[in-house]
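There are two complexes below, and they share subunit A, which is joined by subunit B in the first and by subunit C in the second.
Moving on to the complex of A and B:
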């Protein structure tokens, strides 16, 4: 009898964990922002800009968006693997998703640390 | 050679989606996926546009406030609000399931219904706040 070990790409557990860690990060930051919005019912530009003048708020926001992009990558990749069977099309779409998410990440940084 | 007298059981070649009756946790699961896909396609670029314009200048901030007055925009915001709320509460349920909380059948059905009801009620509150 041959003990055949079928090996995969070994990203299963890592992605499973990443999906949960990023979810918890987004959960916490969402509650912070929900608290801000609930305490500022008629939000004015000065309050909003003032809030983002804190470095901590910028870092927290960036952390949220980076978590969001990683979370979106795992989720969208799973959807593409489930529904798009032709390898060429799937690969093209996956690359398009990566390019979009990396662009979004750069955009986020440029918004938060605008000169 | 094929023998015409032998009746071959016809197997379905395509899933008839409208005949599938999902249990409540299954409905929550597929909606989690649908809402996630919608948010990737629409909410992420929209959220970044909002963040960009709301922080750029006083004028662009007021422009956003004006645009939110349009009924069509309100409808899109409401749809995205539901996507977020459903994904949020269904996601919390999955985190709890990972911790082996609420995995027996009656509890998981109850919490699945709770996810649908709570996200539905909060979406209604968003609608009230919008209009």
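Moving on to the complex of A and C:
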């Protein structure tokens, strides 16, 4: 392969938009949780468990974490694109980040449906 | 007035170094460029680009006390001493304050910075409504001094792939032009994680632009156009 500047991957908009949308989702879920904390000043473990026994709360929490992981993926990949120039090392690090984030996602599911 | 100036002559110097100057100014010396010409009287090996000396040609862009600007329209009054002068950051230094702008212009050329319209040209000119013309204000005034692109970290890290604020401002200048017919091709050209989306809106470009332009706003409008086209 000759050394040429290669651009035009055409996924820029999708990822940029995804980062904005996931930020809004996280904000909304944060507000829901803030409302719960504010309406339960003396929070006990039972209240917490009761709250999470609702399927909707679990789904909402899962949505928050999936948004967080997608958001983090775009952000971390941006950092790698800026600061890690050798393509081989960058790809290795990107795969490592994907593996970590997917593991976190599965771990989140297992935690949420165990409580 | 005291100055600290970046000196580097690749033919003679192993490494760049900072040279101290102390120069007597005349009462007619108002702008930094006037003072630099006094420095040149002291040491005529000091090299820099300059031409119009009134902020129109964009030749004397440099890093002044840590901030990019044009020497010819930077008033001496209010500059902290010693005034530290360095070449624009992020571009290869040819000598002293002169940088190699090839990469910058390559990015500028990559956005097809001219009107594309294949219809037969009218006898006199292609007309625009005053409202449509209004949109081009704040875009066409760019003098390509490179102060903005060389203050942008994204351009420092990927100058070969990221268009940079100056190029993107010009890209939007033609996307916004109602007489241009290549909008789709222009958006295709920019819809890329490197070419446009390296911009994270830190607005260094807006901070330094000697003409008071706002590349961040233009970049935001390109993103808006991309969203409109896709959604």
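Convention: the second predicted complex is superposed on the first by the 107 of 115 C-alpha atoms of A that agree within 3 Å, B and C clash if a C-alpha of one lies under 4 Å from a C-alpha of the other, contacts with A are read in each partner's own complex, and residues count from 1 in each chain.
Convention: contacts are C-beta pairs under 8 Å (C-beta built on N, C-alpha and C of every residue); 3 or more make two chains touch, one makes a residue touch a chain.
Keep in mind it's a predicted model, so treat the numbers as computed, not measured.
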First (subunit B), second (subunit C), both or neither touched by A:24: first
Touching partner for A:12 - first (subunit B), second (subunit C), both, neither: second
Per-residue touch tally on subunit A - higher for subunit B or for subunit C: B
Contacts of A:108 with subunit B and subunit C, given as first, second, both or neither: first
Which superposed partner A:88 touches (first subunit B, second subunit C, both, neither): neither
Touching both subunit C and subunit B, counted on subunit A across the two superposed complexes: none
Interfacial residue positions of subunit C with respect to subunit A in the complex: 153-154, 157-158, 160-161, 188-198, 200, 223, 226-227, 230
For the subunit A and subunit C complex, residues of the former touching the latter: 5, 7-17, 78, 81-83
For the subunit A and subunit B complex, residues of the former touching the latter: 20, 23-24, 27, 30, 45, 48-49, 52, 61, 65, 68-69, 72, 75-76, 79, 97, 104, 107-108, 111, 114
Contacting residues of subunit B [partner subunit A, same complex]: 33, 36-37, 39-40, 44-45, 48, 51-52, 54-56, 58, 61-62, 88, 91-92, 95, 98
